[in-house]
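Report on the following structure.
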Amino acid sequence: MKHKLATPSASDTPVVSFSGVWKRYGVIVAARDLNFSVQPGEFLSLLGPSGCGKTTSLRMMAGFDQPSEGEVYLEGERVNGVPAYRRPVNMVFQHYALFPHLDISDNIAYGLRQRSPRPSGEYIEKRIAEILQLVRLEGFEQRRIWELSGGQQQRVALARALINQPKVLLLDEPLAALDRKLRREMQIELQNLQRNVGITFVLVTHDQEEALSMSDRVCIMRDGEIVQIGSPLDLYDRPKNKYVADFVGKSNFFEGHVKQVNASYIDVQLDCGVTISTVPSVEMDQHHAGSRVSVSVRPEQLILARDEKQLPEDCVIKLKARVLNRIFLGEHTEYLLRDESLGEFLALSPRQNEVSESPFETSEIVHVAWGREASLVLGDD
Amino acid sequence: MKHKLATPSASDTPVVSFSGVWKRYGVIVAARDLNFSVQPGEFLSLLGPSGCGKTTSLRMMAGFDQPSEGEVYLEGERVNGVPAYRRPVNMVFQHYALFPHLDISDNIAYGLRQRSPRPSGEYIEKRIAEILQLVRLEGFEQRRIWELSGGQQQRVALARALINQPKVLLLDEPLAALDRKLRREMQIELQNLQRNVGITFVLVTHDQEEALSMSDRVCIMRDGEIVQIGSPLDLYDRPKNKYVADFVGKSNFFEGHVKQVNASYIDVQLDCGVTISTVPSVEMDQHHAGSRVSVSVRPEQLILARDEKQLPEDCVIKLKARVLNRIFLGEHTEYLLRDESLGEFLALSPRQNEVSESPFETSEIVHVAWGREASLVLGDD
Amino acid sequence: MRSKWPERLLLLPATVWLLVMLVLPLAVVLVFSFGERGPAGGYVPAFTLAQYANLPARFTAFKNTLTLAPLGTFAALIVAYPLAYFLAVKANPRVKTILLVMIIVPFWTSILIRTYAWIFILGGQGIPKLLAMGGLEGIRLINTPTAVLIGIIYGYLPLMVFPIYVSLEKLDKRLLEASEDLGSSPLRTFRNVTLPLSMPGIATGCMLVFILLMGEFLVPALLGGGKVFFIGNALVDLFLQSRNWAYGSAVAATLVIVMLVVVSIYMKLVMRGTNQRKDMSLL
Amino acid sequence: MRSKWPERLLLLPATVWLLVMLVLPLAVVLVFSFGERGPAGGYVPAFTLAQYANLPARFTAFKNTLTLAPLGTFAALIVAYPLAYFLAVKANPRVKTILLVMIIVPFWTSILIRTYAWIFILGGQGIPKLLAMGGLEGIRLINTPTAVLIGIIYGYLPLMVFPIYVSLEKLDKRLLEASEDLGSSPLRTFRNVTLPLSMPGIATGCMLVFILLMGEFLVPALLGGGKVFFIGNALVDLFLQSRNWAYGSAVAATLVIVMLVVVSIYMKLVMRGTNQRKDMSLL
């Protein structure tokens, strides 16, 4: 693996590649044996809570931090020890880090002016005009930083990085300072931008919705380690363990042990006594009869009905539960339900289903069911 | 109306009541003829973008600002001119505003110690213990503010206000400083707390999800005016105008004019030429043939299918559209679609529907339909 | 385990700095204080306690300094606090800028020149004459402790105003609203919240003024005439006029010791009193 | 339209303050400068330009002040900047605290005492003796402009370090990373980002030191002996010794005018140079 990365073939060289990368600060391990690579044009997100090592990884790509062990490659070239100002990558900082003593055009031109030989004035002017058009800030050349709104500053920060045509654009929680509505808009803008310019993006975020909605692949981290890498759909539908299932979307977890491993499904006896048929989220052969497992059921996979006949035939579980709480969330309604044996769990009911019949009331008893495909047996943590 | 509020009957007196309240700062009008009341035990949210007058309204309840015109009542008593420290209401401030020179128990006891006659030491001790238990911070008495996490500080701020058993608890964006996961938890906690203590809550927020999920009623404001007051369901399903429909959840808007007003539905001819049958969100008689209107269709009301036969029979519109973009959002998938005549619009497809069949791909042509109940004609702005 | 050497090396310039800036001057003063006056002034090496035995001769200067310095500090605080409060809390931005400039601009002309002007204002042709015209005859201001006190307040006011202003300025105004919201009247809010939270500023300002007053000699010389001498004046006299370096050093050494004792007691009290984590700025 | 009266009323104490603090002292000095010396010293009202005609007699003092004050300011800046930079950017928190205390603590003992010690250090028994032991005979330091310069750097260093430290401290470290990320080497990052952003601190420090140097008399008197006189010394001489208030006032008035001109030119340059919105702190 290491050698393949070190001597890559010409065309499909990963833009960024980590090979056995560790980062230690004294006794603290910030990154633990990281191995992954980013393909040209890909949009990769590093997702995890604070302290999971995602920012450290980004800083090792940028050159602000150097790995304690292992290799970092940019386009197949080992860059351990190469300082930030000699790397062909650029970063969009969390609070933009725009230069307050320079106007917008000087901020944007900063990177070009550091090149040697320094490009001509006209060339710089031309590039500024192009990039301002790209981020839709024409006519803002002479403005000062503090005259811009948060979203506009964000776009200047993007322009300042993109003008250098970096091999990879690193984004460190670039939308964290914006309010929700604006953040949503900028997410779409960023996604479009990435498709238009074709530059590889690596985004660091702790916001799962942001990571899921924008990226081609998401790398979920915890305590300096990579837990799972995959497409948003992969992570949501086949989470490796409880940590991923819980971090990516909401889930109900039921504990139990494997009763029997069948050809394509697994029977799990839950601790409450109920036995359900489930599908594994990881390789089948990781599970053996008797081993303790968690079963994850996504709230939106639960089917709720007033009449038992409305439930589909092919369910692995059917039960009656009491509605404890109802929260109206716009497109769907969230119910907190309680069943004698399973305890409390969440169900999400799309509004479509409620247009025809009225929503369930608190204290009402409803019929609940879900199918085998909805019950995932998770792997070890 | 004014007289009824001024001389209320004993039992159903509103806790807070605004009657023709204006607030001017020089030439700026921060609140414009506000009329509303809050019932005992109710959870009311004031929702709107910054500068809409929601915070000014809250400050007039608290006594930090006085109305320029009109009457503010607390439990039927006119409180114009009564300063904050003489009003039986308490506030949870945006960044908590905890006293840094006092420990947790002194922060919480602050309100009790301002009373005259001052309660006994034992009584204060007892109350502190009770309230700390309520907010689940037992044993934190001697801690300092800066030793607490954001969520814990939030709870101390709540405890400091609740210990005074206010007639109304005012909350000024209390969760804005918390990150998303924690905010969700605190929302649920706040909602439970409100039910347990039975105190009337008035919450100011710019976060529509927060307002919708927590409140009994939401008051939507714009430019110092109330646009619409109603339950979350009301606002979502029967938005008064485009502003409300856009602010509360996502929506697709199609412009057109009324072609014919029928008994229970309205035919609208859209600008693209298509005529659709719609239901009005406000009183039927507000609409007349020929008047310009917007039709709002919620993205989750759109039905998508590969096969035209899968679409239900009773649709007011059926068309074919191209998938421009697909964003995976966990419980559902968001599609940006484009139809020749309607232009671009959004559709939300719940994951349930996709378990059986695979999600649509970018550039794929899909069949789209929606029912009459899904197309709302909105009132004037 | 990383080596401690780089850090120690970094401390080297700091140590040299401390030696040159503080320890060396004080050491010189200490050595001198055990010496003797040369025949034509200056210093002759010796080891005698004679200079210290002679200290009581300067008792008045010590007494004046140790009474008027605390008094002046307190008076400056009383005058400065309302001004700083008004500046930080009440003034609108435009008024605030004007006021800040007004407090700073006088600093642009040397204290020497401004204090000379007070000689005239407090002298026979100034305020006493105005008072005499109003019927209050025979009021003497110049060359009294009162004049020195006025001069001290005048000269040190900005030094007192600024730290208090800074601590009041960074005081979160919402804390005042929170206090009122919890039933505290504005007066009690001031006592319960504003005052305790501005303690770091008060402490810094008082210490700054007090320390500088211990070395003051201009104001007593100009406004106190020959009557109100401070230790600073004794030092000027001993070093510059009578050139008795040994005796001067004994006075200086005693002053430094008295000051270190006062300052350390004060620091302990302040640290215990404010009980704040990190707001204790030294300047 | 709200009445403007409350605001005007609020400005009243400020106006009184300005009058008493700045205008009145300067007015007194100005009036005096057109008067004459009384027979036993002091001031006799008159209107004559004789005092101003006499100014050239103090030419050396003006010359010394106007050369050594800018030079001293510049020297203090050169010494202070690296120290402030190290403190704000490079030092870890523990080292930083130690260093800050080291810079502040010397301030706790009067400048008078500390400067006296330099008389000895720079005098015949101090550094020159050490140099002589090393073979460098006949080096004279005390009572030279160099000694005055050293005294100025020593005395004013903290005043220069602090504003620069504050401006470097609040400099967002991410700006330095952003600059490096955009291809700028550490040296160019310093020139492109750090230096321009610390200009407000440099400007404040320089102005503070320069203004105070214009009134300085202690350091020239002690370390310059009778040889390097400043205007401050001339004023002390004229007011305290020869009691020629009228002539002293003329010198003072001239100094104030020169200073106001220099400061206002400087301010304009700085304002244009930094081009910053609100970072220009005056103290």
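In order of appearance the chains are A, B, C and D, and numbering begins at 1 in each one.
Basically, contacts are C-beta pairs under 8 Å (C-beta built on N, C-alpha and C of every residue); 3 or more make two chains touch, one makes a residue touch a chain.
Not measured: the values here are computed from a predicted model.
**Q** Show me the overlap between the contact partners of chain A and those of chain C.
**A** Common neighbours, chain A/chain C: B, D.
**Q** Per the contact rule at the top, check every chain pair and give me the one with the most C-beta pairs in contact.
**A** Highest contact count belongs to chains C-D.
**Q** Using the average of all C-alpha atoms in each chain as its centre, how far is it in Å between chain C and chain D?
**A** A distance of 19 Å separates the two centres.
**Q** Averaging only over C-alpha atoms, locate the centres of chain A and chain B and give their separation in whole Å.
**A** Here the centre of chain B sits 28 Å away from the centre of chain A.
**Q** Distance between chain B and chain C based on Cα centroids, please, to the nearest Å.
**A** Taking the mean C-alpha position of each chain, the two centres sit 57 Å apart.
**Q** Please report how many Å separate the Cα centroid of chain B from that of chain D, as a whole number.
**A** Result: the chain centres lie 59 Å from each other.
**Q** Could you list which residues of chain D touch at least two other chains?
**A** Counting only residues that touch two or more other chains, chain D contributes none.
**Q** Out of chain B, which residues touch more than one other chain, so two or more?
**A** There are none in chain B.
**Q** Just say which it is for the chain contacts: an open line, a closed ring, a star, complete, or other.
**A** Chain contacts: single closed ring, each chain with exactly two partners.
**Q** Please give all chain pairs that are in touch with each other.
**A** Between chains, contact exists in these pairs: A-B, A-D, B-C, C-D.
**Q** Taking the complex as given, what residues does chain D use to touch chain C?
**A** 7, 10-11, 14, 17-18, 21-22, 24-26, 28-29, 32, 43, 91-92, 95, 98-114, 116-118, 120-121, 154, 162, 211-212, 214-215, 217, 221-222, 232, 235-236, 239-240, 245, 248-249, 252, 255-256, 259-260, 263, 282-283
**Q** In their shared complex, at which residues does chain A touch chain B?
**A** Interface residues on chain A, with respect to chain B: 179-180, 191, 206-209, 212-214, 232-233, 236, 248-250, 298-301, 303, 325, 327-332, 334, 348, 350-352, 355, 359, 371, 373-374.
**Q** Name, in rising order, each residue of chain B that touches chain C in their complex.
**A** It comes out as residues 62-64, 83-86, 89-91, 93-95, 97-101, 110-111, 114-115, 144, 146, 160-161, 164.
**Q** Show which residues of chain C lie in contact with chain B when the two form their complex.
**A** Contacts found on chain C: 172, 174-175, 177-186, 188-189, 192-193, 196-197, 274-277.
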